[in-house]
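Structures are listed in the sections that come next.
Paired with subunit B in one complex and with subunit C in the other, subunit A is shared by the two complexes that follow.
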Partner chain A sequence: MSRHPHSPPLFSFSRIWIIAGNTFTHLMRMKVFYFLLVFVLIWLGLNVFKLPHTAGPESVGGEELRLLKAPLVGTMKLFAIIIGIVATALLIPRDVEDRTLYTILAKPVPRLDYLLGKLFGVLLLILAGLTIMTLLLDAVLWYRTQGILTEFNKVADILIEQQQWTVEDRQEARAELLSHGVTWSLQGAILVIFFEAAIIAALALLVSTFSTSTLFTVVISTLSYFIGNFIADGLDHWQGSSGTGEGTLGDLSSRALFVAFPDYRPFKIVDEVLAGQIFPPDILGSLALSTGLYVGLYVVLSWFIFTYKEI
Partner chain B sequence: MKHSPWRGAGIPTPATPNDCPPVKTRCHCGSGRYAGGGMSETPAVQVNSLVKDFRGSFGCGMIRAVDEVSLEIASGEIYGLIGPNGSGKSTTMKALLGLVTPTSGTCAIFGRDSSKVDSRQEVGFLPENPYFYKHLNGEETIRFYGKLCGMRGSSLRERTEELLELVDLQDARKRRLGAYSKGMLQRIGLAQALVQDPRLLILDEPTAGVDPIGSRQIRDLIFKLKERGFTVFLCSHLLEQVQEVCDRVGIIHKGALVKEGPLEELISIEDQTEIILRNATPDLLHRIHELAAHEEGVDLVRSGNPRTTLERLFLRETVQRDAEADPGSGTRQGSPTDGTPDGCHNDTEEDSP
Partner chain C sequence: MKFFRNLSVVLAAIILTGFLRRPFDDRLAEDMQERNLLPPPIALDTREELGQTALAIALGGLRPLVAAMTNIQAHGHWEEQDWHELEQSYKTIVALQPRVRYYWDAGSWHLYSNAYADYADRPGLSEGRRKRKQKEFFEKGIAFLERGVEQNPRDWRLCHLLGNALSANWRPQNLERAVECFERGHAESGAPQLQRNHVYCLSRIPERKMEAWEACRRMWTNEGNRRYNTPQTIFFALQSWAGETTYSMEEILGSRMAAAQKLPDYWFRQVEGFPMDGVAETINQLCEEFEIPRDLHPLTFPPGETFDHDPYTRKPYPPRPVTGEPRTKTWRSIWMNRPRDAYRTYLRSVEAKR
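And now, the complex of A and B:
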């Protein structure tokens, strides 16, 4: 067997990938994909029970599709956020408790590689889960859209015959109907859910580097998520009503607040896409950048704390 | 007859690195590795004035866990650090592995600062009561740790096979670790510690919670590693075990190294002499007593039949009985009653009176 003639690299993608793959397998074998069963059950439930709605006859098709996809996308978001917080919160404390961390860090594994491997493992799991659910959602939505389109064409023909609709009205209504089906905007919205989960998972990783219990990490990360959903509005209101918070000091304090409680307001674009709006591609880029910055910042802070952590 | 893997092939034989010149003596029973008695110029472990303070509850005050500990372990030596619970043994080991940062002092492994990640390429570590990832099976566990050390492909496959054979877990290779017994976990722990072919093995209470047979297996393996020139840093409060395997011993108490030196020097009672006779007649014993009584300044402290240890008795009544009942099956645990693995250990069947 060959010996190790040179020092191991301090940062190795292959080592990160090995830890990520192991984390992914670990979580998979913890049966987290049972969540998919919940997803399928909700879909079946939506097919059995017709949900009440108050839309007019011309928007019935679109409304039906919206009512179908909204709970499913909601379930996907719930999956991504729960896994992002709970799975990440579990990983490091469990490794410390089982002393598995000792055996890993006693090998030539830099602590940054370990942290990144753990985070990427969780993100890989979320990505895999969202991909499977997206495929299911798209298949269901496409099938239902085809059925509704057939009905729509019949109704539209009658309305045009009765001169209640023009051809343009028909085109417009058809476009409106299709905007609730399988669209690139919907795929973009699901990608945004992944971005949001990535920020939450990175934050949970940061908390778990100084936390001594899984419960503490879960509570703090969940609180941060809820506060992050309202923080920007609250800050605007506070600055507007009191006139304080302006100037360099106010600006710095609000930035510091956004580090602890990320502003999730831009991620609410998902709700707008579910309502049938088109996803502007430039927003996807800015959200990806914002996600990258938050994840990068949290990883660096986690690394700093974890480097000095007494294990 | 089945060959006992604890005595078989598969022990790694790392080469002498550039910063650690070859030793003077070579072992004839090994496979090319320098002998246990040989010493290279660079010590395997160097701990200089190590101090480690921990913050007290609610951040109040400091608690000194390790107090100015200095020790040196030569290459190829088996060193035992003993002490009561909370005396600072594990903290010293963790500082050596870079798992805790020393308050002051330095630790080095084969001359390399142990706080640097690359020094760990030379170290295998088995923590006390390890659990590992329960979702992996034995084979996957060794492969996982091998990959962390940069091993890949056929070399990793071969190494995994060697180590599974070494720790006698071939039959359990596909079983999840969640279903492993305590002794099996300890053995797979040893396998992962050896995976990258390190020169130094750090074992923290390697037989904690393991039954006497498993404990003997681990002890035999330590002997085997010593034969091949491995350096072993052993931490235990099972004093008999330390006495059996270690060349040198350090006693740590309340964080300070209170005694250190070669085992024989430390435990020998210099003003006493023991003579063990086989088939001595009562008349001969009477004459010896009389001679001692008439000699000025000489006291006969004690005489009588020497006793075996409870461990040896247990092994004789279990493993040897099985072997005698089914001689064709061989013994998977080695021969427990001889107490002399591969003739490299100078223990006698009976203990001294």
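And now, the complex of A and C:
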């Protein structure tokens, strides 16, 4: 009986999962989660000290909660973006350096599986980090909201007694106050931070497939993040002020420049959610789709480059 | 060579898919902008004010963080009473977070109220310069809030804040504009509080009394508005002015005893410009009916009459401790302090006897 040599299937979840798990463990050993210490320090600091701000009796608490959320969610975003760029940029050069890459690719592991495994490992790390930070954020926010609600009830009673507020006003103000506490919208906004990190990580993966230096990958990925955000802010200005006519070469090249970078405009919804806006589920779906398209495109292109890469 | 070929393919693919993707992104961004789910772009002048680091942070998607930190900085400017710096800080803050009502509220309040009050008693300023500075910051605060209303047309609470800022009787007033704000806020929200504020403000403009009476009648159709003292007393005064008798005093104010309690408080608000038609006559009638002693009669003196001595004990008021200037008090402030309580206690005792 003869055995037919067969090529391994192009795509295997179990293989990807194993590589992702190894990547996650590898990054954990690099003490990435020490970043959480920074978060915990800010968390503790905000819990102990009341940040100075101006607030009349009617706006009791709302600003306090916003001041609490802004630095914590900001730190979460920094964590997600930094890890998304740096950890991904490190992966392939590190594997080449310690020759793990040769060991893996010598086995019947398609290069796509390898890339996906690496990317998912980083995303798993970001997700784990964000989950821990979200739990801490929710805990402190819930605790502070309860304290503020007690104070709010006292102030509201006085305002109602003085006939400055009606019961309806109280309900409305209470609902507004609670909108700054632990809400589904806030959890959705944190998920959007994860989406953003996924895009930037996939882009860093693409850059690292042709780059020979980790530093180059980090710089290019960071720049592309800022340019993507700048485009989000500058696109309207440019569209309004551009003197070039439709179809001219200058116009076309400017457009090409704009479209080459990920458009982070819709991801700025996080800012508005922190300001108290409700996150509509349909937008979350659109952002998930957009993230999927970006990540898919960058992974396919990474695969294309990596397949022809001489290792 | 192969490397550059591959790289070119990748770039071409990114740009091509970018062109294909752009309509989807634009549609999504437009939809989100329409639903107020995206912050507007950072204006060019704000970019200059922010400085390199803060701009980088803001562009990196951390606008709420920069705004919150600048707000803490602004708090410091407030403590130091550095109003120019405070104004700059709030301009930056609202450029970063234009939909947060709190920032419009706090920034404008610091300017039209705190800076205004600070210049009123800041030492070392000539009278002319003091007045100019007060006017300057009051106008800056109002303009700031006007900008907030303009940028958040659906936020009726900002209209409410602007209306309140323009109608306070201890600062410069623009009642006509305040009326517009309350009206717009009510049209946007249907909130009864704004309807009441609209009537209060309108009734303070003598030339628009007819309009005020019509608005007051509309307000009266909402049962919820009838619970409060101010709408009751304004309705009473405007009905007297219109010469109508649709509602009796008891129907409007609750009872004759309640009227005897509510109308004197309203009478002392004539300094705010509220209509007083039929109020003095009714108070006199009620005082006669309840046999109010002469020394407890609220209309003994006009509300604005000033005294350098206690009208009851004839003792002169001590001079101001800081400046040493002689102290005077208006009948309104004298009445609101002690006699008002005695008057109300007396009324309660009459009610108990009956």
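Here is the rule we use: the second predicted complex is superposed on the first by the 279 of 311 C-alpha atoms of A that agree within 3 Å, B and C clash if a C-alpha of one lies under 4 Å from a C-alpha of the other, contacts with A are read in each partner's own complex, and residues count from 1 in each chain.
In the analysis below, contacts are C-beta pairs under 8 Å (C-beta built on N, C-alpha and C of every residue); 3 or more make two chains touch, one makes a residue touch a chain.
Fair warning: this is a prediction, and the values are worked out from it, not measured in the lab.
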- prompt: Quick one: subunit B or subunit C, who's touching more of subunit A?
  reply: C
- prompt: What is the contact status of A:R265 with respect to subunit B (first) and subunit C (second): first, second, both, or neither?
  reply: second
- prompt: So, does A:R170 touch the first partner subunit B, the second partner subunit C, both, or neither?
  reply: neither
Message: Touch test for A:L274: subunit B only (first), subunit C only (second), both, or neither?
response: second
Message: Applying the document's definition of touch, where does A:I18 land relative to subunit B and subunit C: first, second, both, or neither?
response: first
Query: Is A:R99 in contact with subunit B, with subunit C, with both, or with neither (first, second, both, neither)?
result: first
Message: For A:I305, using the defined touch cut-off, is the partner it touches subunit B, subunit C, both, or neither? Pick first, second, both or neither.
response: second
- prompt: Overlap of the subunit B and subunit C footprints on subunit A, residue-wise?
  reply: 308
Query: Once bound in the complex, which stretches of subunit B touch subunit A?
result: 12, 14-15, 17, 54, 94, 97-101, 117-118, 120-121, 123-133, 135-136, 144-145, 147-150, 155, 158-159, 189, 192-193, 196-197, 202
Task: Report the residues of subunit C in contact with subunit A in the complex, numbered from low to high.
output: 2-3, 6-7, 9-11, 13-15, 17-19, 21-22, 24-25, 28-29, 31-32, 35-39, 41-42, 44, 56, 59-65, 67-68, 71-72, 74-76, 78, 97, 99-100, 102, 105-106, 109-110, 192-193, 224, 228-229
Residue ranges of subunit A touching subunit C (in the complex, touch as defined): 51-56, 59, 62-63, 66-67, 69-71, 73-74, 77-78, 81, 163, 166, 169, 196, 206, 210, 225-226, 229-230, 232-237, 255-256, 258-260, 263-272, 274-277, 280, 283, 286, 290, 293, 297, 301, 304-305, 308
Statement: Residue positions on subunit A within touch of subunit B in the complex are 1-4, 7-8, 10, 12, 14-15, 18-19, 22, 25-26, 29-30, 98-100, 102-110, 308, 310-311
